[in-house]
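Below: one structure, written as structure tokens.
When the chains are written out, they are named A, B, C and D in that same order, and each has its own residue count from 1.
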Amino acid sequence: MNRRSPKKTAVLMAGVLLLLFVLQFILPAYHHSTFSKIMVLASYAMGFNILLGYTGLMSLGHAMFFSTGMYATGISVYHFGYTGIPALGIGVLCTVLVSMLLGLVALRTSGVSFLIVTLMFGQAVFLSILYFDQFTLGQDGFTLTKELEPLVLGNASYSYTDPTFKYNAAWFLFALSLVITNILIISPIGRVLIAIRENEERTQMLGYNTYLYKLFAMTLSGALSGLAGSVHALLFSYVGATFAEIHHSIAPLLWTLLGGVGTTLGPLLGTGIMHYLIDFTSGWTSAYLLIVGAILVLLVIGAPQGLMGLVRQKRLPWLP
Amino acid sequence: MEGKEKKPEQSVKNKSQISRRSLFGTTAAVAGAGVLASNLTDPIVRSAYAAGSDAPIRIGFQVHRTGIGATYGKWYERTTNAAAKYINEHGGMGGRPVEIVPEDDGTDPKRGADVVEKFATQHKVDFVYGTLFSHVVMGSSPRAGELKIPYFVVSEGYHVASGALNRYVFQPCITDVRSQISAMSGWIFNNLGKKMTLIYPDYAFGYNHRDYASAAAEKHGAKISAKLAIPPTASSFTRYFAKIPKDTEVIYHVMVGPGVLTFVREMGEHFGSNRPEIFGFIDSLEGVALDSPGLDFLNGTYFWEAMPRYADGYPTHGEKVYRNAVGVDANGASKSDSKDVSTYSHMFGCWETLFAIKEAVEQSGYRDKRDYANLIETFEGFQGFNEGIAHPQGSKMFSGKSHQCYGQQFISKVENSKFDVVHRTSIEDGYYEPETDYTKLPL
Amino acid sequence: MLVWFEDNVALLFLALLDGTVTAFVLALIALGLSLVFGVMRVVNVAHGEFFMLGAVLAWACFHFTGNMPLLGFLLALIVAPVLVGGLAMLSDRFILHRIQYNPESTIVATIGLLYIIQQLVLSFFGPEARPVEAPIYFRVQFPWFGYSGYKLIVAVLSGFLLLVTWFLMVRSKLGLYMRATQQDAEIAQTFGVPTRSVYSKVFAIGAGLAALAGVLVVPIRQADYLMGLEPLLLSFIVVIIGGLGSLRGTLVAAFIVGISDGFISVFYEPTLAKMLATVLVAAVLIVKPTGLFGEEPG
Amino acid sequence: MNSLLKTEGLSKHFGGLQAVEGVDLDLNEGEIRAVIGPNGAGKTTLVSLLSGRLRPSSGRIHLNQKDITSFSASRKVQFGIVYTFQVTSLFFNLSCYENVAIAVQGCRAREEGFLPRRESDIRLNVRKVLEQVGIQENEETIAGNLAYGHQRLLEVAMGLASRPKLLILDEPTQGLAESEIKHFCSLIRGLSDSMTILLIEHNMQVVLELAEQITVMDQGRILAEGTPSEIEANIAVQESYLGG
């Protein structure tokens, strides 16, 4: 943030997006599909990163946003017969509402209380999903395979689960999140959010109502995470309570920390590495909880800035 | 050994064939012939017909090594390996050896879908198989359908037969909950009492129990006094027992998860000696020794078993071969560790499903992916499986429309901290008309 | 009203009884969490895993003594807090101290610890839920229903342990150090309080209390490697309502949460009780962001 | 001269401790006022009340005849009261440019009603302020890496960038070298045309050089008030403070 370089940033972002776009023609089937998933989950982590990386607020309940988007979209399709795009809209709308409401309550606390409160509300959303099983079908969840109509664009019709469509939809979501994040951090609002992260009291004493800014960050962060959840429901056809569990709240934290907190590309890197790490190691050990745990501990001790943070520190100080 | 095997199998076959005829009349007699005959052929003899490629048939095994399903997963893995070994020692599948490719899914639907993906596109297995927990089945099956890879589950949920999944998902060798309940309810209402309180876990598996037990009660003129859903997170149950109405004659309980022992013990503490009749589902005690502390209370209560844990429960030849091959002793525990109790009422499904796959592979002449359509149609044409080494739990009737089988059930009474089988249902006791038709879906 | 009361006297009594037992155990678990936060300003997300380790060690002791419940129980009462406390000390030394007790880093680190402990227990103990026999077992028959006598013993023992901790805080030198460090670590250090070792000891005591709770509870339920999450979440609710760092608040909140949980669970539904507890947290935060007994910042 | 800020019976107590007791303060537009007094006299508490970091226990604060007693800190900034910290409080991980830019941006948003969209507008103002305090060479330096004296100047720069009506400086020269103090004094003197300055200061040389009016506080109360020469002559003050 200190030595910005809008041109270099634009080139880098465009390069990354282009690379991801081209990869779909090269990747073998398994990695093609894995990349689709990674891009969707990375968008989730990017939503999380807006709050942690650029506002300095650590949430342990982000799965509630992801699952709100997922369930709102899923239920619209499954119970009310909506098609994909309106269902997506409903998903985002619901997440905006939920994240704003949570923000109004949780932002009254600060520091570790904020963490615990988000964790508890995340758990409350999980319990609600179990409790209102007539809509959510409880722990089992439901699939959208049969209910979801293909997307019609002009004369063409696309099945949401078609690999090519899936990859490009995921790519589009990722590109959107990346652009939003980059615009945010060079915008005046982003400057204030970063100021809040660095020194909230000072920011207040410069005349900013930090509560409103944090509420905005929370809502945007929730909306992006919820959008990722909605898209996940449509592309992967499954809506289930597992996406509301506490582990799913910790996941974006892990990905973001690994990739680099407060870097725009960190979440993608972290999500990708973790996904492949677990995938590869699961061949010879099922002890991947240990891997996750060890990485978390080693990161906070050895490299709290994460991989992209290290790159920024050592090589590219302009890295956003 | 081969010579000896034939006799007991023959006798079982006759019995089951009669019962099937009485129910299904001519259809079964005609259409079933293929399956029944081939099933009884000596595996060694039959392996000769499928020459050609001897590359192994690779079966992706989605196993719950971690997460809440890990106890089941351990035994599912043992059973699967034993079945694969047995099949390979007896000629493989259509002459080709079977190779099991296990992947842990963490008992998590998220990871489950990834694992199916990995099987199909990375490991390039022929089939995916083995999932137990219903939410993992739910999360994984869309991916199997999209990737168009046959997915054989061993999960006993009603989700396959309900039509919620797709044409690639089969549950060929483990009876679903709905059928289990329909099969046993008559005996329960007639022998234990007509005023029933249901206690079930607060998720879809539990709702199946709730709904079909309620339906069965109506059919038998019995009454459901109360329905108590228990959340999967519960660790204390005393508070639920207080809600059991006083006029309850029989309690019907089904619990899964780590809290089950507490559940049983607290039920004992709550009622003392003055208790109603109690009927439970073995799911609560799978992997648990009956002489565990605090379980004495269970003496005199009844349990559903899909397959009797104790060797004297259903002493057929096939069951003996199976028990021995998996390495389970007469008390249902591991031969190498008597404290390591098996999940005997579920894991047979793994064994039988592998044999059912073998059957389908051989009958359809499956060679590789291009034969999937043929294999699925062949499978949908199956009418059932005959009792024997391949199907030690008993004969099955199979519905190609719903991709679901129906089998016999056992009711056991706990006596001296041991299960004694007191009743065995017939297949038709648990039969209901399929309510879905997967064969109409495109392949 | 009176009719309703007569009809429901059994349920009311059960709600109160069950709620009280829950409250005592909860207070014991949450006390460790609160103590650690109060003195070290560290939120220990692995607290539930220390509880789980206590339960698992109780099982190990039970087996080590050849399935003799009372002997195993007594052994576990010593072994579990010592081993778990030792583990906590090591993690303080090698992890928390290195990251200078930065609040967010410690949370991430203790999440890591949570996963590591879970995996180790899964690998070495297995996925099964393993039962442990109660050291003293009898059934109390009330006019309406029976109840586990051991549960009542657990409540009494928890109460006793709470008193011991209280006494330690008020009377011992360590307690004095702890209170001084809680007030202001830097000033305490200049007055010669060895804050470094106080931190280690507090973290160990917090973990030890959780482990003791695990030992007490395991005969009521069983030991399994996933059992730590629920008490952790409940403890969080308790310390937030009570006010982070306030021991008095923790105790009061444990009783509010425990007994209301008893009543809502008995008369409505346990899932609802947990959801309402969260709503209660929201309500408390709206009225008083620092919790019932929390200190005003600044 | 018009009165800018007026307090009536302003008090603050913490528990039993009376930190500020019945303070009536009257600041005129454009004046430089110094508040002096021994440690614990309540000076910092007083300015904390004025700037909204603390809420008064009783009493009222008026700015241009408007009651702003209950305004939050950020609202008070919006009304023109800006506080620079006694303990340097900067965005230590950001460059000097960013530090000031945040303040400039806030100020422009207040004046124009929306956040500025063009960085060039901000850059112009940031450079002006940095030049004004004399640290323009350090524009790209990370604030945490600045020398202490420069950090104090940056702190003042952030105050200036907010274009306050009333700038509160809490011990601005503490820890500065002699030459830096001189530079600082001339900087402050140059500001008094455009704003009112309230200065808490221990260094009597600075006070006597800058202040037009001096308020002496002791034990939470105002002990004396007057021009520098009047205060110097006041024996009561000498006893409690100057004579030490």
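Here, contacts are C-beta pairs under 8 Å (C-beta built on N, C-alpha and C of every residue); 3 or more make two chains touch, one makes a residue touch a chain.
Here the structure is a predicted model, which means the values were calculated and not measured.
> Just tell me the minimum hop count from chain C to chain D, counting one hop per pair of touching chains.
Minimal hop count between chain C and chain D: 2.
> Using the contact definition given at the top, which chains are in touch with both chain B and chain D?
Chains in contact with chain B as well as chain D: A.
> By raw count of C-beta pairs in contact, what's the busiest chain pair here?
The chain pair with the largest number of C-beta contacts is A-C.
> Which one of the chains is farthest from chain C, going by Cα centres?
D
> Quick one: most central chain, C-alpha centroids?
Given all protein C-alpha atoms shown, the central chain works out to be A.
> So, what's the distance in Å between the C-alpha centres of chain D and chain A?
43
> Can you give the whole-Å distance between the Cα centres of chain A and chain B?
39
> Need the CA-centroid distance for the pair chain A / chain C, whole Å please.
33
> Note the residues in chain A that touch 2 or more other chains, in rising order.
Correct list: 127, 130, 289.
> If you look at chain B, which of its residues touch at least two other chains?
Correct list: 66, 202, 231.
> Residues of chain C that touch two or more other chains: which are they?
Each of 122, 269, 271, 274 in chain C touches at least two other chains.
> All pairs of touching chains?
Per the contact definition above, the touching pairs are A-B, A-C, A-D, B-C.
> Touching chain D in the complex: which residues of chain A?
Counting only chain A, the residues touching chain D are 1-3, 187-189, 191-192, 194-195, 198-199, 201-210.
> Note which residues of chain B are touching chain A in the complex, please.
Interface residues on chain B, with respect to chain A: 65-66, 103-104, 106, 108-110, 113-114, 117-118, 120-122, 134-135, 138-139, 141-143, 145-146, 157, 159, 164-166, 202-205, 207, 231-232.
> Residues of chain C touching chain B in their complex?
Residues in contact with chain B: 10-11, 14-15, 18, 22, 69, 122, 126-129, 131-134, 139, 141, 145-148, 220-222, 224, 226-227, 230, 262, 265-266, 269-271, 274.
> State the interface residues of chain C toward chain A in the complex, per the touch definition above.
Those in contact with chain A are residues 37, 41, 43, 95, 98-99, 103-109, 111-120, 122-123, 229, 233, 236-237, 239-240, 244, 269, 271-272, 274-275, 278-279, 281-282, 285-286, 289-291, 297.
> State the interface residues of chain A toward chain B in the complex, per the touch definition above.
28-30, 33-34, 37, 127, 130, 133, 137-146, 161, 236-238, 240-243, 248, 279, 282, 286, 288-289
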